Structure formats: structure tokens, C-alpha cells
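The structures considered in this document are given below.
One chain, chain A, appears in both complexes that follow, with chain B as partner in the first and chain C in the second.
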Partner chain A sequence: MNFRRLTALLASILGGILVVIVTFLAVYAWPAVRFNRLHFLTQNNWNLGNLYADPIMVRGQQVLPAAHYGILFLIAGTLLSTLVAIVLAVPIGVGAAVFLAEALPPVMRAWVSLFVELLAAIPSVVYGLWGYAVVIPFLGHHLFPWMVEHFGFIPFFGGHAGSGYGLLTCGLVLTLMIVPLITATVRDALVTQPAALREGAVALGASRFETLWSVLLPGVRRVLTGASILATGRALGETMAVLMISGNALNYLPNNIYSPISTMASFIVSQLDSALEDPTGMAVRSLAEVALVLCLISIAVNGIARVLLLYQDRQLTRAV
Partner chain B sequence: MGTAAAPLPRIRAASHHRLRRTILDFLGWGMSAIAFLLLGGAMVWILAVVVMRGYHALSLTVITHVTEGYGGGLLNAIEGTLILAFGGLILSAPLGLAAGIYLAEFDRGRLAPVIRFLADVLVGVPSIVIGYFCYVTLVERLGWKFSVAAGSVALAIISLPYICRTSEMALRQVPRALREGAYALGARDSRVVLGICVPTALPGILTGVLLALAISVGETAPLIYTADWSNYLWTGHLTKEPIGYLTYAIWAFITEPFASAHALAYAAAFFVTLFVLLISIASRMVLVERPGWRRPWTR
Partner chain C sequence: MGATSDAETICPTGKTISSEPQGPLPATAAKISVRHLNFFYSRRQVLYDIGLDIPEKKITALIGPSGCGKSTFLRTLNRMFETVPYTRVEGEVKLDGEDIFGMSVVDLRRRVGMVFQKSNPFPKSIFDNVAFGARVNGLKNRDKLREVVETSLRRAALWDEVKDSLRKSAYSLSGGQQQRLCIARALAVDPEVILLDEPCSALDPIATAKIEDLLFDLVGSCTIIIVTHNMQQAARVADQTGFFLLGRLIEFDKTEVMFKNPSRKETEDYISGRFG
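This part shows the complex of A and B:
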């Protein structure tokens, strides 16, 4: 085998990993898919059943009596926390990118950017530690009660302020975790915009901010969309930080933005020990189904982002 | 406005317009500065918490003793983190580099775009899904149990696309003339790539490997299902022997109601954060000097 073929083979192994992951998860989760049917996605009831009773046969699968798996609350928690994060991260990310690319002298740019973008390097579990030990006491005792008092009239901002564990806390911490991706991508795109665009706008009498707002930012819209979708994908799959600050709600939907939630990724970690108690294995297979759903969602999200960014990549590859 | 006084309002409108533009400019820059300060402030806050609390938790015991209940040290976890991270790299670096070589050097057919796309999507697959996959296949089916091997494979899968795509980017920076010269001298593919291109692109390739190392050291979720935790030092078994690691100590010990457990969690966070940040800065320092370089991911 020549060298070219060998590298092609090894590269195919890399490409095949994703296919293998999806296939194995699907095969393993298949009995759960058969047993849970569609109400897996539409109902709020994760119940292992009676652990002390003899297993029974339902729809061709051996399960515990009264076992029922519905993960609507996980889907809601995952999507809502991601929504909060992305709604906050896009304006903050673009704003910071503008500051880094346009307001800073080029000498400082690289190092100041690095400082902010290192937010993405901090491990998830360290965010969890910070959130658990410092942010939650602050939010739960001070900010959330204050918000209920002053902004309680806005839908979902009123009601019980909770203990600090919950949807908004997750959203805020997730924002910090995904914002560097948006900032870095938009900043790179702004810096690499052709100088002629800038010169043209200035020649027409635009101020620097007008140049930015009306000429440069529309030019990076596509990159921003791609980066935002990638950031969405990261927020959907964040595990450890969310596990430590979400409150790990079970079987109920959040009723305001302070409510405890649970996400698919964090639920997989928090439930494995109890799922292993199920002698029929249906609980573990249902967790695999959760992983499969999460995997398919993230593949879809990342696939879309990559297709959108492909155009930009081609441009840059040609420039190099 | 009356028609008779036409010139005057126009001037006034112009000055209003100018005022509005000035205010909008000011607001725009102000908001962008606030956005930046929010991020910078959060970074300082996190670092301050980790460094100050971590520093107070440090002692000689932490790095010389293994964990005993909720106290003792973190020697087992430090050792485990290093073993798992290097185990992952041993698996992922050669494979990732080979794939990167294929994508950068022999990108002629229809296979390369597909692999590139799959690698990019694999980056976005949540690490817990990869951990669960390894649990189902390696830990359960193959019977490896919680072990160094299962944990290393999980970390390798997570690292692979980073190493592959960074290597590809780095190799693409190598001037074509170098390859042409080598081929003109009669060198084979393997000699051109391994003897000329890879050494030239080594700083960039190294960046990808460092990035993978930082990710491996900071990962928690995929290891919970594959490496589990152990209070003891590694005895050298690749399978059927769980192993501890620092990120687990952060997660598991901060929720315990003991001061000694909290101290271990903060000490572990101190080590992990410091290590990850130093690697990230080191890998960036290689790149900041090189214009035209574009990193494939922010992480």
C-alpha cells in the first residue's frame, strides 16, 4: 500500500467514527425506541417503574411494571437554556468583537483578544464550580429577588425567585462559555474585510461607527450566522457546568426563568447510577436514546453551520 | 415647515442630524465597550475565584498524598489526568496527523470534502455522547470496565478532529515550491510529506496537539462513564481498573459538606485551570506571530 492510500485509509477511519457512533447508539437504543415510541419526546414522565417487582413484557420488550420514559422536560430545558444563552451571546459577542477589531490599536489587539477568548478554554467543570460556589449564592440571594421585585410584570420574570439554581443561571453561564466563539469569528471576519470597503464608506462621509454598522457588519452577517449556530450546538451539549447549576429538575417544565431545569446532556450524567438499578436494562437503553436524540440534534445544528461557513472558508482558502 | 423659510430648517435639520450621528456613534462604541467589559470582567472574576481559593487550598499534602475519603491529597488524580491525557494523545496524534496529511496533500477526489465535513461535525458532537458511546461499546460490550483504555479512547475521539483539521491548516501553509523542489529531486510522496512538509508545518501541527492536550485535561463528562474514579495510584492495568482524574475531584468534592473536600476541589480547579490556560497561551504564542493563519476553532 502506498503512502497516499494509507493516509486516505486513516482519514476514512476518522470520518467513519461519527457514523459508527450514531449506528452503535441507534442499535443499542433500539429496544427503548420500540418501547417508548413517540411519547418519549412528548411526555413529561421519566419513571423507572417498580424496581422490586418482576419484569413484564410490553411491546415485545422486557420492562419493569409502570416503567415510562418521557423526556419533554429535558428537551424544554435544553432548548430554553440554549435560547437564553444565544439571545445574550450574539449581541455581547458582536459588541466585544467590534471593540476588539475596531476600537483597540492593532498592537494590543492580539493579546487583549486572547484574554477574552480564553473564556472558551476554561473547562466546563470549572465554570460549574464557579457557578455553584460563587454565582448561585449571589443570584439566588440578591439578583433574582431584585429582578422579581422590579421586573416581575414581564411574563416569566415574576413568581418565585427560587434558590439560584435554574434556567437563567444556566443561560448566563452558557453565554460566557459560547460567547468567545462568536467574538473570535466575527473579529477575524471584521479584520479581514477588504480595506476598500472602509475607504469607500469614509469617502462618502460616514463616521467610523457608521462604516462599521452599515458596511462592515452586513458583510460578516453570514459568518455571524454560522458562528451563532455553532455556538448553539455547543450550548446544547454542555454537560458539567449545567449539571452543577441547573437544579436538575425531574419531570416538570419550568414556569418562569428562575425555575430549576435539566438538560439532555446533564441528565445522562446524573441518571446513569439510578438507571443501572433497572435489571431489565431498559433505563440504560432509554438513556442511550436520550444520547441518540442529542447526537442527532447536534449533528443537524453543526451540519447547517458548516454548510453556511463553507462559503467563507472557500474564500479564505483561496486567499491563502 | 412653511415654504417661505425653506433654507433655515434645512440647516437646522443638518445640525440635528449631526447631533444624532454623534449620539449614535457614542452609544454604539459605548455598548461595544460594555460588551467587552462584561466578558473581561467575567474572566477576571473566574480567575480570581479559582486562583485565590485554589492557592489557599494548596499544600504539600495535596501533591504528595492520594485521596482518603474526603481529605488527603490529589496525587492519584494528578497522575490519572496525565495518564489519560497522554493515552488519548498517543492514539489521536498519529491518526489525526495522517488524516490531516491526506486532507492537505492528496485532496483530489470526492472523499476529502466528506471527511472534512464529518470531522467538523464530530467537533460539535457533545462530549457526553462520545462518553456514552464508549461506555456502551468499550466498557460494557468489550468488557474493559472503567479503565485507562476506555477513558483514553474517549479522549482520543474528542481530540481527533482538532488535531486533524489543525494539521491540515498548518500543512496548507507550506509553500508549494518546497514540494515541487522535493518532487523534482525524485522524492516519493512519503519523503516529501514526512521529510519536508511536516517539519516545516511542525509549529502549527504542535498547536493542534497542544489544543487537544488542553481539552483532554479539562474534560469531565466523557470520563465519568469510562474512567470512573479511584483513590489509589495506577497499578499499570490498561483495562478493568478505574482511575482518578482532577476534573472529577472538582465536580464530586465541591458538593460534599466538608471543608477538606472543598479544599481538594479548589486545588484541583487551580491545577486544571492553570494548566489549560498555560497550554492555550503557549499554543497561541506560536500563532500570533504568523499572519494569514486562521485557527479552525476557538476553544
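This part shows the complex of A and C:
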């Protein structure tokens, strides 16, 4: 086998894995898809049913009486916590990258960059434990009540400040987890921008900020979009940290940014034990359906970002 | 020769050389006058006691072998060297009699534009590239901007080629077009002086000829200083030529005199191809 064939094989194996996983999930979750129908996505009711009663047949599937699965609250929790994280992480990450690339002398840049990158290397369970032990008491006792008092007039910022477990806490900890990703990528892209661009702008009398804002940053837009896609994927799928700080809300939608939530990934972990109690297996298959939906949402977010990127390209930076 | 000081050993002919006489300003108004200019990269001196007067609305060429300091000299004229750390300048440079080190750098660079060796369009549309300088200088009005862009592109002889594709990326242009775009971009802020640092070194003869024609059109309205490796180019376009060698200005005179009857042996050697 020559090199070309070998690499082609490897590449197709990698591509094939995605197809295999999604197919497996779909096949395994199929009884749940049949049983739950569309209200799986539109209702807030995750109920295993009566575990002590005899199974009954519904829509051709064996299930426990009163079993019902609707995961709208999970979808909302996942998307909202990711949204909060991305909205915070992109400006923070780009700002940090600009600082590292433009303001720091090269000697210090290497050291500070190393620390930023090490942030990305911390296992997420450590973030979770730190969030649980340090962040939540601070947020729940000090910051959130203060925010309710001063920013309560903004929609979703008022109401009950909660205990510190919840949407905003998840968003903040997720932000910390994805900022290093964005910072490292954008910093590298900024540092490798041709010096000629900088010179060209400076020679026209542009200030440092103008050079950065209207010449250098547009040049790294592609890289930023790519890094944001990766970061979104990480935030959507984050499991352990979120499990420890989300409050594990069941069957209700968040009513403000402090509300407890659950995300799809952490819900699968937290509910697997009890789902295994279901002798009909429908609960586990419904969890598989949660996984399937999470997979499809990740793929969809990816796809949308790529379309946006393509659109941007057509607008402007089509290279030679 | 034997063991001698730095100043003497670096001169290939063996004798100590110094720049042109550096008397008081001449009666005819020079656009830029330079006196006793020394330039250092940290401790290393790269320009020695440069003195010359650049006449207004003429083309001045600077020639000399690589590393002789001509580009460095050009970059002192709009203070571009200040973006490089550990650089230091001594001496006087005056633009219309005003000390350039005393004026705001933004103001100076608006008055003294620059075009680089390798074309460096921004990752933006053709329109936005040309409008960049004007926008930086506070022009916001869309109609005015459009006017500035058209005028600049016309002056850079690029308008007819790009007028239907102003929204396209600047990277869609050919190398020669990109360089003319960079000239248009420099022209958009209406500079009094344009510095060109080997603008044609990456271009083919046809694109080079277009840029040289362009220089003749522009010189009616601004002062042009061009650094070139190409002596034929200097001979073709320049009204006067300065010859740099090892950080010193060896000779500065009318181009015909420089090429036909140079007064210094080093100039003659370089021009006749004996070294460099």
C-alpha cells in the first residue's frame, strides 16, 4: 500500500467514525424516538413512570405506566449556558490575545501565554470542584444579590437571586474553560500577521488601535470564527464541571439568568443510574436520544458557523 | 591603508569620506532638508552624518548596494523607524523648514506617504483599502470618501481597471495592480511627499514601466523620493540621484551628472558595475 492510499484510508476512517457514532446512536435510540415522538423536544417532563408496575405497550413499545420524556429544559439549559459562555469568552479571549500579541514584550509573551494555555489543560472536574467550593458561595451570597439589586430592571437579571447554582454560574465557568482556546489561537494568528500590513497602516498615520482594529483583526476573523466553533463545541458538550455547578434543574425552564439549569451532557451522566432501574430499557434509550439530539445540535452549530464563514469569504477576503 | 579607524576601513577606496558640504539652507526652498543625520540600531551606527536637500516636486532617487542605509534613510523621513525598538537618531530633518521630530507623527505621516517594496494591501476591499487613510484622518462622509477613492485611483492610473470591482478583495488584483493600489492608498491622504522603497523590485518590466509613468504624472503635484536597486530606473526617472555607500552619502547631484560625470571614484565604480 503506498503512502497516498494509506493516508486516504486513515482520513476516511476518521470521517467514518462520526457516521458510525451517529448511526449507532440513532439505531439504539430508535424505540425512544418512536415512543416519544416530537414532544420529546417540546415538553418539560422527564418521568420514568411507575417503576413498580407492570410494563404496558404504547405505540408498539414496552414502557412503564406514566413514563414520559420531554427535554425542552435540557435543550434550553445547554444552549443558554453555551450562549452566555460564548458571548463572554469571545471579547475576553480576543482582548487577551491582543494584549499578549501587541502589548507584551516578546520575552514575557512566552511566559504569560504558557499560563493561558495551561488553563486549557486543567481537567474540567477541577473547574467543577473549584466552582462548587469557591465560585458558588461567592456568587450566591454576594454577586448575584448585588446584581439583582442594581441590574434587576434588565429583563432576566431580576427576580430571585438563587443559591449560586445555575445558568450564569455555568456560563462563567464555561467561559473560563474556553477563553484559553480562543486566546491561544487568535494570538498565534495575530503574531503571524505580516509585518508589512502593520507598516502599511502605520505609514498612513494610523494609531496602534486603528491598525489593530481595522487591519489586523479583520485579517484574523477566519481564525476567530474557527476557534469560536471549537469553543462552542466544547461548551455544548461540557459534562463534569456543569454537573457540579448547574443546580441540576429537572423539568422546568430557567426564568432568569440565576436559575438552576441542566444541560444534556451532564443530565446523561446524572440520570444514567436511575434510568438503568427501568426494566423496559426505555429510559436508557431516551437518554441515548438526548445524546443523539446533542450530537445533532453540535453538528448543526458547526454547519451554521461554516456557512457564515463562507458568506464572509464571499463578501470580502477571497484570497488570490 | 594598514590599521585604521572604522571610518577609514569601511571605505573601499581607502580614504576617509564625508557627505556633501553641510552649509546653511540654500536659497531655493528645499522640501526636505537633512543635516548631520546619524542613525543607530542600538549601538550599531548605520547612517553617518548625512546632509542633503530634497527639492520640491522633483523625483529624487537613492541608489547604492544592499545594506548601505538608503532604506533606513528613507524610513527616517516619515519616522517609520520608530516602530522598531532600540533605534536612535541624531541630527536635523526639516519638512518645509519644520522639524519633523517636533511634529505629531500622525501629521508627519499624513504629509509624507510611503509605498513599500512588497505591495501590502489590507485584507479589505479595493475601496476600503484606498479609503483607509482618509477614514483614519477623520473623513466619514460617504460621498466625499467615494470622491477621494476615485480621484486617488485615477491618479494611480488604476481607476479604469478596477472601477467595476471596487467591492472585490484587494487580493484579487495582480502584483502590479496591488502596488498601484498601495500608491493610490498613499495618495488618498493627499501627501506632499511620497517615499517609495524599491517599489518595483517584485514587478515585471511592464508593470514597472506603468509605475514609472505614474511617477512622472505624480511629480507635478508632489515630491517623490524613490529608493531603487535598479540603476537604469534611477537614470530613467530621477531628476537627481544620491549614492549611498556603507552608511554615507557619497554623492548627490543631478542625475545626468551622476551617471555621466560623477565626481567621486566610488560613484563611478558602482555605476559602471565594478562593485555592488
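Assume the second predicted complex is superposed on the first by the 283 of 320 C-alpha atoms of A that agree within 3 Å, B and C clash if a C-alpha of one lies under 4 Å from a C-alpha of the other, contacts with A are read in each partner's own complex, and residues count from 1 in each chain.
Here is the rule we use: a contact is a pair of C-beta atoms (placed from the backbone, for glycine too) under 8 Å apart; a residue touches a chain by one contact, two chains touch by 3 or more.
Every value quoted in this text rests on a predicted model; they were computed, and no experiment measured them.
S.K.: May I ask you to decide whether A:Pro137 touches chain B, chain C, both, or neither, giving the answer as first, second, both or neither?
M.R.: Neither chain B nor chain C is touched by A:Pro137.
S.K.: Using the touch definition from the top, say if A:Thr183 reaches chain B (first), chain C (second), both or neither.
M.R.: First partner only.
S.K.: Quick one: is A:Pro65 in contact with chain B, with chain C, with both, or with neither? Answer first, second, both or neither.
M.R.: In the superposition, A:Pro65 touches no partner, neither chain B nor chain C.
S.K.: Check the contacts made with chain A and report whether chain B or chain C touches more of its residues.
M.R.: Per-residue touch count on chain A favours B.
S.K.: Taking the superposition on A as described, I'd like to know which of chain B and chain C A:Glu210 touches: first, second, both or neither.
M.R.: both
S.K.: Of the partners chain B and chain C, which touch A:Ile299 in the superposed model: first, second, both, neither?
M.R.: It touches chain B, and chain C stays clear.
S.K.: Could you say whether A:Gly152 touches chain B, chain C, both of them, or neither, answering first, second, both or neither?
M.R.: Neither partner.
S.K.: Which residues would you name on chain A as touching chain B in one complex and chain C in the other?
M.R.: Touching chain B in the first complex and chain C in the second, residues 207, 210, 316-317, 320 of chain A appear in both lists.
S.K.: Touching residues of chain A toward chain C in the complex: what are they?
M.R.: Where chain A meets chain C, its residues are 194, 196-207, 210, 214-215, 218-219, 316-320.
S.K.: Given the complex with chain A, which residues does chain B contribute to the contact?
M.R.: Touch list, chain B to chain A: 21, 24-25, 28-29, 31-36, 38-40, 42-43, 45-46, 49-50, 53, 95-96, 98-99, 101-103, 105-106, 111-112, 114-115, 117-130, 132-133, 135-137, 157, 160-161, 164, 172-173, 188-190, 193, 214, 217-221, 224-225, 247, 250-251, 254-255, 265-266, 269, 272-273, 276-277, 280-281, 284, 288, 292, 294, 297-299.
S.K.: Can you tell me which positions in chain C touch chain A when the two form their complex?
M.R.: 78, 80, 83, 105-107, 109-110, 113-114, 116, 118, 120-125, 132-133, 135-137, 168-169, 171-172, 182, 185-186, 189
S.K.: Of all residues in chain A, which touch chain B in the complex?
M.R.: My answer: residues 2-4, 6-8, 10-19, 21, 24-25, 28, 91-96, 98-100, 102-103, 110-111, 114-130, 132-134, 176, 179-181, 183-185, 188, 207-210, 212-213, 230, 233-234, 236-240, 243-244, 265, 268-269, 272, 287-288, 291, 294-295, 298-299, 301-303, 305-306, 316-317, 320.
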